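To keep things simple, chains are lettered A, B, C, D, E, F and G as they appear, and every chain counts its residues starting from 1.
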Amino acid sequence: MDDRVIVRICSKILTPFIMIFALYVQFHGDYSPGGGFQAGVIFAAAFILYALVYGLARALRVLPPVVPYICGALGLFIFAGTGFVTMALGGNYLDYDVLAHDPSHGQHYGILAIEFGVLVTVFGVMVGLFYAFAGRRRS
Amino acid sequence: MEALGLFNYWAVVILMMLGFYTLIARGNLVKKLIGLNIFQTSVFIMYISMGKVTGGTAPILIDGEGSVVYSNPLPHVLILTAIVVGVATLAVGLSLVVRIKEAYGTIEEDVIQDADK
Amino acid sequence: MIEHLPVLLVAIPLIAAPIAALLNHGGIAWGLALASAFWALFAAIGLVSQVGEGQVLSYELGGWAAPYGIEYRIDAVNAFVALIVAAIGSVTTIYARRSVAREVEKERLPLFYAAWILSMTGLLGITVTGDVFNVFVFLEISSLSAYALIAMGQDRRALVSAYQYLIMGSVGATFIVIGIGMMYAMTGTLNMADLAERLPPVMDQRTIPVAFAFLAVGFSLKLALFPLHLWLPNAYAFAPSAVTALLASTATKVAVYMMLRFFFTVFGAAFAFDQMQVDLVFLPLALVAIFSMSLVAIFQMNVKRMLAYSSVAQIGYIILGVSMASVTGLTAAIVHLFNHALIKGALFMALGGVFYRIGSVHIEAMRGLGRKMPWTMASFVLAGLSLIGVPLTVGFISKWYLISGALELGWWPVAVLVLITSLLAVVYIWRVVEAAYFKTFAGDDEPVQEAPLGLLLSTWGLVLANFYFGIDATFTTGIAGQAARMLLGGGTP
Amino acid sequence: MLRSLGLGAILYGFWLLLSGHYTPLLLGLGAASCILVVYIARRMDVVDEEGLPLQVGARFLVYLPWLLKEVFLSNVAMARTVLDPRLPIRPKLQRYPLPLETDLGRVIFGNSVTLTPGTVTTAIDGGTIEIHVLSGEDPDTTGGRMSRRVSWVEGR
Amino acid sequence: MSAEILMLLALAVPMLGAFGIAFTGDYPNLRETVTLVTSGVLLLIVGSLVPELLGGGRPQVTLIEMVPGISLMLEVEPLGMIFAGVAALLWPINSLYSIGYMRGNHEKKQTRFYVCFAVAIGSAMGVAFAGNLVTLFVFYEMLTLSTYPLVTHKGTESSMKAGRVYLGILISTSIGLFLLGILLTHALTGSVDFEQGGILEGHVEGPLVGLLLALFMFGIGKAAIMPVHRWLPAAMVAPTPVSALLHAVAVVKAGVFSVVKIVVYVFGIDFLAGQGGTGWLVYASGFTVLAASIVALRILMQQGNLKRMLAYSTVSQLSYVVLAAALFAPMAAAGAALHIVAHAFGKITLFFAAGSIHTAAHKDDIRQLRGVGRRMPWTMGAFTIGALSMIGLPPAGGFISKWYMMLGAFQAEHMVAVGILVASTLLNGAYFVPIIYMAFFQREEAAEPAYVGGGDDHHVDHDHGEAPLPIVIALTATAALTVLLFLFPGVPLALAQALVGGAP
Amino acid sequence: MFFVAALGVLVSMSLALVRAVIGPTVYDRVLGVNIFGTKMVLLIGVLGFLTERPEFLDLSLVYALINFIGTLAVLKFFEFRDLGHGAEPLGSGGE
Amino acid sequence: MEAVLDLLSWIFIVGGLFFMIVGTIGILRMPDVLSRLHPAGMTDTMGAGLLILGMCLQTTDWMVLVRLLFVYGFLLFTAPIASHALARAVVTASRRADTAGEGTGAS
């Protein structure tokens, strides 16, 4: 019989809400730039909570270790790539105005893209780090 | 308000000292990192509590002349960027500590130094 | 295309780094590193050619104009530094392939090269940006990747060294960000040119000197000014050979550039030297660094460590030039940025060749190597002569300007000290020469081969550069002199 | 499947409450986010009668005010204890049988006990619960009433 | 061929020769041919520069502008011509001697030896033709570095130690003092050029002149003024041809040459004569002359190492040159220039003789020399001529140069200098004459225990004759040159007079 | 009003910090830090009101979350000396 | 109306601060970890609750209200879990120490 029933069930309930909160922070980030970072931290926190309660083995099954690695690099790629897209569209590097007909929409999309890059990187780094730590004793 | 500003100032200074002390005085590598992080956090608090950084304009949507423009989001970005950098530093530091622990079997600085003599 | 050059210099390596990490193949990752390094070199040459006559290039990132957005601003000073970084980056990347394949596990290669590219990106970014906070961001990008690179050294002490570097480097970066925050609080801008305009009216307030002090300490930590150099010797000694070559010849140089930029462009020489009298602190520290670290180098048995201490001493020379706050002194400092990069790059690369073959850089292990690895050791000796400051080498040019600067100011004892410490360099370089040429090989009878061609070619490339720019220094001293005048002219040109 | 849809709906409601901006872009992003989260939650295997206890929803809302009242009362009592110069406490660990059938019920009960100052759940082990009691009053009066109400919430 | 091209060739030929030697290293005969051909070609080149110079020409060529205002440039003037002539003349002879010596003694790493030798000669050419202080310094340092492997040639612990002393003193004085002097000159005058009459006039006054002079005099360690002379005795562990190179052909000559050149073309004789605070140089060099002679005398009395005694003799002889230059009198300066030549011929003869004895009999100490004159008449005959030149007696070239120096001392009315010259002549006689007497008139010591020293594993050979033929030819040639200088001092004298501004 | 609230919260935080510092057991410290954290959540909210930046409330939610997970992680670490310890064997969850 | 709201806010906030500070005083006064958990609970339940209630009365912004309630809901949900986890850890650790002690005592 599992004697950690309280923690187990409560985190079960909590996890989806944490994740949706992360995405809320993410997509409302353009009103307060930098949301991508918080979102990444929160999203990673949801995973870390899960791994803490259910054990690393199960967390690894849900999210294989290569995923955070890829995320880390992919985020940077999104960030730098957006700059190139704006440049390809005739603007300066990271000049979002050119991303849509209406400059303000362009800025909106640009910030969304950048922030998404940040989210992916931060998530990858945090989870990767947790894996690195939690996985040590076993190996 | 004045008093609070002053309080923040002292909180920053105390945190900074605390972090710096931990950083220097502790032999445990993880504690050093924690000290570093406290030290950096104190700086973020300083940024937040500095009137001109946050007091200017709130990063919300404001209406310009007919078209929607975004206000200066700078202070917010600065703090967040600094925090990201701090977290990344912590991440690299901790992963180093993990590997040090594997290589030396300890995370106490003096033991490590003895081991390499 | 050409108008995007300032940002492309940084952006292309920036996007190459994640690709290198994602593709997960060591060879491709190296190829990407090489491509980005050569790209940076190409772009840097383009930039240098555009700022030759004192022009300034400005590039605004994103939609926001200068005070809010980030501006990249290129003049003779940073174009030259970018050229140093890109050139050394290219040579060391060529060098890295064989050397790193030997010293770093295969699975880690993609990550290694991703960090390698990021490190270069950060350094290039610091040089081109005209935004003080952006400086901090790039500084941390380069530093964090440097910590990761150092930790990939074979010896477990590499880990501890990287950790110590991380702690001290982060403290330095935090000091810098404190200073930047204070300046922002006082002026409401992060743009260097704007700061230069808005600082003078508020300079009598207490915050600005405090900000200046924080920045000065932060930079001193990053550039390993004695006695804040403690992280450097071990970090250089235990990092993979190629990493040592890259960092030793670029990282501290860029930190010096950063300091020059803040002292001269942002605060202005008058504030830094007349009001804050930073030279009163820097001059003695530089002299102590030059003397004591050269002395310490003599007693090192690990040759890499020996050269690391020598680097701290050489940084002392650069700071000495800065403390003069005269055209000649600054020219000496800036030209030595370039020259020392050539010298130390060549020396560490030669040592990397030694490590490649015999797996050690202990002075006892290098006995008799002059015969076993003639080309490698010849390159070491020639670069060593340059370090000493023998005529026809770049080291001589640096010393010439440095001592001329000292004599112009009537700083007699300083000139003498610089010459005396050159002699200390003779001593520590000659210890290696004697071991390599006049003692018999200590190892088994196993034949020791010459280093691989790729290593040799890149090492010799730098060695020849040591002589080329030592014989015809008109280009380097010309641009350094222009940069010095520009910095002393106050503000941006 | 139904439970997944339910989770999605609840999450979307949560999103709408937080968002405050009801543009097509953000509504679309919200929907996409909910789908992503439900997908991950299913992968995590947390979408079940414990992870999304829709079955107790209504009864729990009835139980909550009573719980808050209990919490308020014991808070006041605890404040008195703390401020009493003699600090009249007699802490001890006690074990009680739990007349509850589901893990969810036990969790609700255990958390309610912890939430009321003066008692902290230290362990739930199948049919028994171990509670740390601060001032030796028999918690049975509270505990008894509470377990009955939780049993009702549990609805079995 | 124009003079400019000839000057460039004078530098390039030895360097190319070094490459040729390196490439032919596996074939000793071919290698030695390359050495001899190269040295012969160099002699031709240098010789063909003389007429232009005597015609009053001062050919110049700028190699490259290193930094704005400072170039690597070459210029031929009389003093440099004297030095270059001596070096170019002695190189082929020394090469011939080296072949005999190196083969006769089975020395190792001969290729490295010849390569470094060629580079050293090339550097000496650079020193001789240097058109400004920086160029002079460049080649001066090259000379130091290229001779270091020669000094440590044997690779033994003692030769390593000697190498460290050699390099330590030469580099530390050149970087610590010489370079500082150059930089100070540049800071004061904005120029580093050599000009007739000097460049300091009007830029510097008073004690600073003395200081600057000291920086140059002690900075040019190769001139071996006490106390920076120690490298020279230390370096005598090297093979004899190297000693010849050091003492006669290039190294110490480069030192005293630089001293004279700087006194004449940077300070200017008239300028120095009019300055206070520079008189000390006469006393410093005079002290060196006497002290080194006394040391040499002590070595004689202890029956010590012959080459070591010759080394101290060199220290003292070099200081003649410096002393003469320090008199700031035209006649003395001419004497100084002449003495560079005279001492070169005489001293190389002496070292050749010492090496000859070492090769033939493995004898290195003075006490072993009894009776050697009868077994090796050519060698000891040449030795005698060399010794006469050192003392300053006819029929050796040393007489001419000492004569001019004496005249200079009277011209400057410097009676102390006259005294020093007289006293040192007596001292020189006192340590050379007994050796000649021992060699020719004393009987050989019998059954002496094997002498182990100098890192040499040969046993003393008591039943020996003359040295190998190349050695004998070489030392006869240099002895002949010493006598010829006495008989026909025309060309060097003309050059020496041109140096001090007299009509050529 | 909010100024008083901020001051009060700060007083409470300092008291919690005292417990965290004096210990004596590691659990006392965890408790102290945890309480300090939950009070920080409130402080951020109050400061948001004080500076009229209500979006600080998002920040306090984030902080509350981190505080909670951090506490759990530390406790788990002290129990198992390993954050990856499996609370249940593979595949046993959610039957 | 506004004055009434202000008054209520003051009452709630002062009340919240009262429970909060008394709670932390309790944390300091109580003799052992488990006992300290009880007053700790006060700060998160009544302390935070009343404080947030007071703040709720001061806002007219629906979004702020929602967030304040979420913050409190989150605290109320997680505080007992954290307390329980801590208590459980303390009890488990002390039992472990006891059995270890008995083990050594018996041998």
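Here is the rule we go by: a contact is a pair of C-beta atoms (placed from the backbone, for glycine too) under 8 Å apart; a residue touches a chain by one contact, two chains touch by 3 or more.
Just so it is clear, the structure is predicted and the values come from calculations on it, not from any experiment.
Note on connectivity: the fewest chain-to-chain touch steps from chain A to chain B number 1. Using mean Cα coordinates as chain centres, the one most removed from chain D is E. Distances between chain centres, each the mean of the C-alpha atoms, put E farthest from chain F. Sorting all chain pairs by how many C-beta pairs they have in contact places F-G at the top.
We define each chain's centre as the mean of its Cα atoms; on that basis chain A and chain D are separated by 29 Å.
Averaging Cα coordinates per chain places chain A and chain E 78 Å apart.
Rounded to whole angstrom units, the spacing between the C-alpha centres of chain C and chain D is 59. Centroid to centroid, with C-alpha atoms defining each point, chain C and chain F lie 43 Å apart.
Each of the following residues of chain F touches two or more other chains: 55, 58, 61, 65, 72, 93.
Of all residues in chain B, those touching 2 or more other chains are 60, 81, 88, listed in ascending order. Residues 7, 11, 14-15, 18-19, 21, 25-26, 29-30, 33-34, 36-38, 40-41, 43-44, 46-48, 50-53, 103-104, 106-107, 110-111, 121, 123-126 of chain D are the ones touching chain A in the complex. Remark: chain A residues 1, 3, 5-6, 9-10, 12-13, 15-17, 19-21, 23-24, 27-28, 31, 50, 54, 62, 108 touch chain D in the complex.
Here chain C touches chain A in the complex through residues 4, 7-8, 11, 14-15, 17-19, 21-22, 59-63, 114, going by the rule given at the top. Chain contact summary for the complex, chain D toward chain G: residues 17-18, 20, 71-72, 75, 78-79, 81-83, 87, 89, 91, 93, 110-112, 114-123, 130, 132, 134. Interface residues of chain G, counted against chain D in their complex, comprise 18-19, 22-23, 25-26, 29-32, 34-35, 37-39, 41-42, 45-46, 62-63, 66-67, 70, 76, 79-81, 83-84, 87-88, 90-91.
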